[in-house]
Every structure is written in structure tokens, then in C-alpha cells.
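Chain IDs A, B, C, D and E follow the sequence of writing; residue 1 opens each chain.
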Amino acid sequence: PLNAKDLPRIRAAVLEIGTVNWELNTIKRNGCDTANGFELVLQPFADNGATRVALEGGVADIAVIDWIWTARQRAAGKDYVFIPYSKAVGGMVVPKDSKAQSLKDMAGKKIGIAGGPLDKSWLILRAFATQEYDMDLVGDTEQVFGAPPLIYKTALQGETDGAINFWHFLAKMRAGGMRELIAVDDAARALGLDPDTPLLGYVMKESFIAEHPGIDQKLYDASRAAKDLLAKDDAAWEPLRIQMNASNEAEFELLRHGFRAGIPSDAPINIDGADRFLRLMAKLGGEDLVGAATTLPDGLFANVK
Amino acid sequence: MIRVIVHRKAFGTTEILRDISFTIASGETVAVLGPSGIGKSTLLSLISGIDPAFTGQITRAKRMAIVFQEPTLLPWRSVLQNILLVHEDLARDAALAALARVGVAEKAALFPGQLSLGQQRRVALARAFAGRPQLLIMDEPFASLDPATAEDMLALTEALIAETGPATIFVTHARSEAERLADQIFELGGSPATIVTSQPRKDMP
Amino acid sequence: MIRVIVHRKAFGTTEILRDISFTIASGETVAVLGPSGIGKSTLLSLISGIDPAFTGQITRAKRMAIVFQEPTLLPWRSVLQNILLVHEDLARDAALAALARVGVAEKAALFPGQLSLGQQRRVALARAFAGRPQLLIMDEPFASLDPATAEDMLALTEALIAETGPATIFVTHARSEAERLADQIFELGGSPATIVTSQPRKDMP
Amino acid sequence: MKWLPVSPVTIPLLSLLSLLLLWVAAAELTADPEILPMPHALARPFWRELSSGALPYHLAHTGLRVLWAFALAMTIGTALGLIMGSYPAVDRWLDPWLVVFLNLPALVLIVLCYLWIGLNETAAIVAVTLNKIPNVTTILREGVRARDPNLRAMAQVFGMRRLTYLRHVLIPQLAPFIGAAARSGIAVIWKIVLVVEFLGRSNGVGFQIHLYFQLFNVALVLVYSLSFIAVMLLVEWLLLQPVERHVRRWRTS
Amino acid sequence: MKWLPVSPVTIPLLSLLSLLLLWVAAAELTADPEILPMPHALARPFWRELSSGALPYHLAHTGLRVLWAFALAMTIGTALGLIMGSYPAVDRWLDPWLVVFLNLPALVLIVLCYLWIGLNETAAIVAVTLNKIPNVTTILREGVRARDPNLRAMAQVFGMRRLTYLRHVLIPQLAPFIGAAARSGIAVIWKIVLVVEFLGRSNGVGFQIHLYFQLFNVALVLVYSLSFIAVMLLVEWLLLQPVERHVRRWRTS
């Protein structure tokens, strides 16, 4: 077999606690990287912004980012391309005993939102509320934006009447006794969007692919291999247990379930669906969110299968 | 009545003063003489209560005034304010009058740093005289003044003592000043210092 | 040869000095007399170069030494270091000898704040004398000292001037001191101040 | 140093201009507007944020927080500094606390405040204030320790009232320390406000900066940063420096 | 105030103990170990991090960064402060720069440093240093402005050498300001190091704290925070306070 030293290296800037680490660690542990002809090097960071700085600054070759951001950068002239990783999105949870049965009942309530006013889950729910209930979520509810852990904890404390958070926090919140009011998945479906479009992906530069032809496909294959393993084999999760930081078995299982639910199909990306999605985002988030990318830039999605 | 009993005053292991006791009645003036470095200022700082670290006992008056060996004015306040701030019930005019008596009235609005050292010393005198002290403590109040000004200040001090009758203790190097103002003259000497000669004023019986 | 020409010195709009000019040869001593607040210290600060804001012209010597009206020691350095730091080529023993000559040798290791004011003034004298100044400037150097110590300091100054022969200018309030030390005595007066009387020493022809 | 009679604003303006030139040069060298855009490239985004009202809105929120936290931290910090500097016995007790709070990460204090007080304005201001107090206290304590004992003695013998002593003897002596604490203080406060805002507020310059940083929109990050800096320059010129000149008069006259 | 001859470490230890009691009380009131665990609940995670070598490893990295940035910022900041305080002409030119850099958000400087210099140790240290210099300069400048003109005059007449003047006249006068800058300085530096570490380093206490905050593992956030605080307490007691006592001898004798 090949000596690992001769293989091209992919330096991945990752959020140390990101769920992507579960996949990347599985890739490394099972040699999916060398088997596919590259060597994966993990560079942990403590903040999402930091992973972007690392990619931009050229000390990392890939980072996990959503494709809206990638489209924005691409429209601004960067040569980023997107390789699907996960379609897991969040949702809104409310306390178990909350009277709210649908988004409509959240009128006049206080919602905690992780990730700011341009968070995609929030934008989709806004569009959904407008379409379904003719309701303006921004005007009809009080929003508190905050760091994900703070939103997580204050929601459990009952300080907010509902919370939108990233899926792994949602899993913990559900394990902590909250219930899902609406999944972003469902909202997206109702809006006519393709819920199978993976929102998060590995982003790399075209120049990197040019240096190492086929590296995008190799990464994609390795990712697939790890996903297959994680999807079918419960034993593959055992080594990840510490890393997942679950405080009990129920939480562990919810996290595992959430990850599996987020695995995108291996069908090629629905370009029209993505374009529709981007237009909706452009309408809701405006230039702040999408920059110059009002329509889907060419070549955004890497040519992988 | 001011009663001073100092058994012992030391800085670290160096004993400076030992067994000094005397009393000063209201209206009475005591002069302290002695060579440089003997402990005169130290004695005054005990009497004024600035330095509480000694063995002995001192009864003081309620209203005290002090003239330090250096002017010790507030450099960031005008000359006039320097008087007013320590005598809160003093009228502005009275403060100006006090400055006039020491001959620096026209400097009232300036900062102390804009005065000559002799002028600053006179402001310090005016500050001490402006209240109606029951105990007046002065450390070489007339040093560093030209003979004519020094004479004026001496006369002023005499007048003040006659008017308000405080118990007064002052340090001087000029025996003539001591003899002119004091009812009692103590001379410090020895090591540790104590009162070596104590004489009543010449012109007393 | 020190040459002093002061046409005008003012603080803001207040004119302090006008038309003062004289020279001091090496080995010669000039005394300046005058009432408090007339401008004596101001004149010295012009001569020493501390205050460059005046119209006129002054030639100075290279090695200068000054005794301010206040001691102006470094409170955070020992007495001995206060001497050594301004005279970097002075040996430790020589500095100690200089302190001994003013009678504060046993305080060499203390901080200035641990000395009496008279002792601090003597340290300032020792500091000025320790170098071999070509121009010696002193502002009331013997004030605030008891008569015996003042006499010692006067004698010491005489000896120093005889030894190293600097051009000396000093301010004093005691005519006796001026007459004893000075070859020339200037008396300042008027407003703005100028030299009103200038007399050579009595015992000169 | 003065050859020509120059207006007092000339040099600061020239100085800022040279800073601008430095920026242009740096942008030229970087040659990537995504990393460092040219100054003029900020004009459009600036105008957009200004006319949409977003910039004034966020600036006002941040300004209010900074103001509150500044007033509280300076008052409490100065009081503590005065006490700890004046009474060594108290100092021995409180000093370890000071070191602990001085070095407690802003994040920890902020998160605890949000979780205890709630995700609201009070929590934000308390968090910033708590972060800044130890800083002010440290600086003021040094000042009090360095005070002139002779003036104290004078005030004591004359029986000066406590408040008069504080106002006319102690505080003027501490002016340089108060100045140092105030100036470095606003800066530190504003840095902490940024963190407070992105962790748990829904408006403010810090919130916006973090948002645009996530989007890698350097232009808007700079627009918001510089707007706040411009406000601080105005505060410096119109408030701090005139006050300082007044307080320092006795030194220069 | 002293009734019994107490060892000099007694009061600081008692003081820390009372802080611990306060913590216990707060934890009792909070009654949620996710928000504020009891002190003893930290023992196990602490031991785990310690024995695994993670704690010493990250502590060492952060310590080194703090040390470097501290040394650089103090040196450069003091030099700038001396110059700006001594020469009003220079001050007029540099003052606007000072205000700008004082108020430039840490985030902006850090990101620019990372993008220009690269995601490495140098960039991290430069970023922290640049963030801290204006702070030191501000404090020192106040000190220089408040210096005693009489001592300067003395040094000038006697022709004291520049270096001697600096070392024996100016610096001792500035000691309280240097002390204030150093103490509040380490704290500010460490706060910025935290940001620098979570934005672009893969180790260090700041990295760990941010990480565990993201996981909402308060126990480990506290373990890392308190470990650094413990180090700072040791620095304070074994280094700063003895040096300070030495420098301040002349005041107390």
C-alpha cells in the first residue's frame, strides 16, 4: 500500500466540538482517508469564525460551512466549492407544558435564537410563518439572539418561551424535557424547498483541487464511507462517546439519531431546488446574508457523486 | 490646657526622644530650640497627633492649627482656597484679610506654585492664623524670610496670640525670636533628646 | 567667566525682572539680597538654565552645581546614592567624605524622608560641593539651620570656594552671610526688580 | 517646535490623515478587499447602514451600555480603590478577591450574569461593570498608595472634613490615575461590551461586528468599528481633553 | 488592627476561603450544577485534566503567550508613554492614533494579524501586544505628565546623564503607574489571549474555555479559568508584591 507520507494532505479546520468531528474521526480511525488516497489532518479550533479565518488565511484546506455563505463568497469572486456533508438543520422547541401547538401560538412570546438574525433556520421559519399563518415572526414575537449554549440553557431555565438552536443542542434540549414545536425540515418542505439539499458541506478552494486533481471526489468518498459505517453500525459510535459529551444514554441516542437523520442522500444536488432556496434566502436575509449571490453561482457545488 | 508627656519616641531601633513632659496653658507660648536633627519636628508631630506611634500621653485641644517646616499647601487650589478649605466657616473677606496681613493679598487667585517660597510660607502662616486656634503649632515659621518681612510676621504672631490666646508651641533657631515671643524656652539636647535647659522668658520675674 | 544679561523676564503679563546684567569671574562670589517675592529665585533659575523663557543672554559653565531653596533630593534613593547619582565619577569614599563634612555621614544609608529638614538641606549642600563645579548656584543655602551648624556650613563653603574656585552666586537674607562670603553684593528691588544697590565687600579696598 | 500659528485641530486632523494613508498603503499591499478594503470602498456600505438607520440604532444601544457600565465601574471601582489604598488592613482581605476578579475570564462572568439575571439589559451592564471594576480599583489603589502624607497630616491637624479632604486633597492628587483609569477604561469596557453583545444581546455594535465577521464581510465590520472609534475621538476631544486641561491648569501655569 | 501575631499568609488564605464560602452559597442558591457547580464537584474534572496532562499543556501555552505579550507590550507601551508624556509636540501627532488603536475592537486587530502574518504563534502574540500597547501608553503618559518638574530641573543643572535620569529619577516616579499598568495589564492581556486563542489557535486555556463553553460544560470552564487565576495569584504573591514592597520601601520607612 501507499506510504501515508506520499499522499496529498487535506488540512481540515474544524470546530473542536462540531459534530463534523464525529465523521472526521471515524474517517481517520478506519483509514478511510488513506484508502481513498489522501491523508486527513485535523486542525481544531474553538470557534466557527476561526475555521473560516483558517481557510481564508490558507492554513487549512477545508472547513465546514453552509452553502449560502459559500455562494456569497463565490459571487464575490472567491473560488470556493462545496462538497455536501449534512442536511441536519434545527427546529424550534418549547417547554413540554407549553400551550403552543404551532408557530402561530408563539405570537407575543419570547424566542431565543442561536446564531443571529441571519440564521437559516430562523429565516425558513419566518417564511413559513408568513406563508402558513400570514404572520410576521419578527414583529409578532420578541427575539433574543445569543450564543448557542446560552440559548440552550436559558430555554431550559424557562426564560424564553421557545428556542431555535443547532440540532445537537436541540437533541440535548429534547432530552432535557422540551418538545419540538416545528422542525425546519417540515417548514422547508411546506415552502416547496427540497429538504434533501444538504445545507452544510466541506468547502475547499478550486485552486486546491487544481493542485490535487480529484481530491474533492476522494474526500467525498471517504465521507460517504464513514457515513455508511455510522449509519449502520452502532459499534462505530462507541469510540465517539466521550467526544459527544452526552450526559446520559437518552441524550447519546438522540444525538446519534440526529446525526443519522442528517446524512444526505447520495443523489446529486437538486440545482433548481437550491436556486429556489437561495432566492428565498435573498428575499428574507437580503444583501446582508447573500451578498451579491442573488442567484446560484455556477460551479458552486463540486462535481462529486 | 495642653499636657505633653512623652516617655519614649523611636524610629525603628533609634531612640529619638525620651522623657519630655510639660504643659502649655491657654495664652501661653513655648519655644523649642535645638540643633538640626535633634528631634524638634518629631516632637511637634507627636503633639499635633500626626504621629501616634510613641509611648506617652498627650492631651490636645479641639481646634488646632499648624505651620509646617515646609509650606504644605494644596498645589491644585488657589491661594485663597487654600485658606478657605481648612476653615469652612470663614468668610471670603476674612480669608482675604488674613492674606493681606501676611502681604500676599494680590496673589490670592494664583496657584501656590506661582508664589515664591517665602510667599508660600506666609500663606501657610495666614492659614494657621485665620481660624481661632486653641493650640497653635509652628515649625520655624519665620525662616527663609528677609529681615523686614520676618519682623512683620513676628509682630503679627504677637498680635494674634494677644487676640485669641491660643496655647502656642513653636520651633526656632533664632534665640531672639524665642525670647521675644515665648513664656517658656526649652532647649533640646542629648541622644536620645530631652529637655536640657528650660528657662522662663528674660523679662519675667 | 559667567556673563548674565537679562533684559526682561515675565510670567504672563507680570514683569518680574528687568535689565539685570553682571559677570562673575571664576573664584568670584556674588551675593543676592532682596525682600521675599522680589525675584531672586527666578533670577537663579534663569542663570542655571532651568527656565529658558526670557529675553537676554546668559553664558554658563559646563560643570554646574545648584542648591535649591528646598532640598530637592530623590526620595526613593538613599542619601549616599543621591550624591553618587549626580556625580557618576565620584568614588564612594569621596561621597561619604562629603556627607561627613556636612555632618550627616551616619545617615548615608537612609532615605531622605528619614532625615530632618535641616539634614536634608545639608545633603543638598554636600551634593553641590561634591563635584568640582565651575559655577555654583545656591538659594538660601544656610536657612533653617541652627546657628552652630550654619556657622559650620559657612566655613565649609568658604573652604570649598578657596579650594576649587568656582564662580559662585547665592541668595541670602542674612547680610552678615553675604558680607562674609561675597566679593559683590547685589540688592534687588523695585517692580519689575532690578539691581538697586551693588556694593563690593567691605574689607576690599 | 512651532513655526507657524496652527489651529489646534490641524495636527490631529493631519495625524488622522496620515493614519488613513497608512491604511491605503496596507490595503494596497494586501491587495484583497476581502481582507482589508480600501477606505473609499467603505463609503457605500457606510452610507447604506447610516441611511437605513441601522448604524445609529446599534451605535446608540452600545453607547448607552458603555455609558452605564463606565459610570458604574468608575464610581464603584474608585470607591474600592480609595478604601483598599487607604486601609492596608482592608486591603489584605480584599486583595486576593481583586486578583481573582481581575483575572476571571470575561466569558465566565458574562455567562454567569446572563444565566442568573436573565438575557436582558441589566445582565449585560452588570457583566461589563463587574469585568471593569477590578481594573479601576487596581489603578486607583496604586494612586492612593502614592499620595502625599504631608497633605494628609495637614488636613488632619486642621480637622478638615472628610468630604472636603476627599474632594480637594485626595481626588486632585489622584487625577492622573483617574485619567488613566477613565481612558483605558472606556476602551476596555467597549471591548467587553462587544463580547457581551455577541453572547446575548440582539443589538449593538458588537452584535453587528460579530454578525458580519461570521459572514466575512470585512467592510461592514470596519464600518461599525470605525463608527464607534469616531464617537470615541469626539468624546476625547470634546470632553476628556478639555476637562483634563482644566484639571491640569495648576501644573502648567 | 493586629491583635495576634499572624503569619503574612494567614489573611490572604482566610480571604480566599471566604470567597470559597461565597461560591458555595451562590451554588447552593443556584441549585443547578450546570450553571454553577459546587467547588468540590470540580475536584474530579480537575484531577482528570491534570493527570491527562491537558491542563499543564494548555496552561503552559497560554502562559508563554501572556509572558511574551506582557514583556513586549510593557516595553513598547512604556517607551511610547514616556515619549508622548515628555514631548507635547509628539503627543499632538500620536494622540489620535492612540485613541484609534485603544478603541479598535480586539476582534478586528486579531483577524487582521492572523490574515497578514498567518495563523501562527507570532500572529497571536503580535495581536495581543498590539491590543495592549495603547493601554500601557495611556497610563504611562498620565504618569509622565504628572512628574515633578523640580527633580527634572535638578538633574538638568547637574548634567545628569539621560540614562541615569531615566532609571533613577523618572522611572521611580512612575512606579505607581507602571504598577497599575502591569497589574491591570496582565489581566487585560490574558483576556485578549483568550480571544486570540479561540479565534485561531489550537491550544491554550482560552481555546479550552471556549470549547467547554460551547459544550456548556461549566465545570471544565471553571477548572481552566481557576487554574489560570491560581497561577496569577502565585505571580502576584511571589513576584509582584515582593518587588512592589521593595520599590515602595522609601514610602513606608
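Just so we're on the same page, a contact is a pair of C-beta atoms (placed from the backbone, for glycine too) under 8 Å apart; a residue touches a chain by one contact, two chains touch by 3 or more.
All values reported here derive from a predicted model rather than from experimental measurement.
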item: Partner chains that chain B and chain E have in common; value: C, D
item: Where chain A and chain E overlap in contact partners, by chain label; value: D
item: Interface with the most contact pairs, given as the two chains involved; value: D-E
item: Identity of the chain that, by mean CA position, is farthest from chain C; value: A
item: Label of the chain whose CA centroid is most distant from the centroid of chain B; value: A
item: Chain centre separation (chain A, chain C; CA means) in Å; value: 82
item: For chain C paired with chain E, centre-to-centre distance based on mean C-alpha positions, whole Å; value: 47
item: Sites on chain E at which at least two other chains make contact; value: 35, 111, 115, 175, 206, 210, 213, 251
item: Residues of chain B whose C-beta touches two or more other chains; value: 70, 114
item: Residues of chain A engaged with two or more neighbouring chains; value: 49, 56, 147, 149, 153
item: Set of all touching chain pairs, with the criterion as stated earlier; value: A-D, A-E, B-C, B-D, C-E, D-E
item: In the complex, chain E residues that touch chain C; value: 150-151, 153-161, 164, 168-169, 172-173, 175, 247, 249-251, 253
item: List of chain A residues in touch with chain D within their complex; value: 48-49, 52, 56, 69, 72-73, 76, 78, 112, 116-118, 143-147, 149-150, 153-154, 157, 159-160, 288-289, 291
item: Complex contacts: residues of chain A adjacent to chain E; value: 15-17, 43-47, 49-50, 53-54, 56-59, 147-149, 152-153, 245
item: Chain B to chain C touching residues, read off their complex; value: 11, 33-42, 69-70, 104, 114-119, 122, 140, 143-150, 173, 175
item: Of all residues in chain C, those that touch chain E in their complex; value: 45, 48-50, 62-66, 68, 70, 72, 74-77, 81, 85-88, 110-111, 113-114, 127, 131, 137
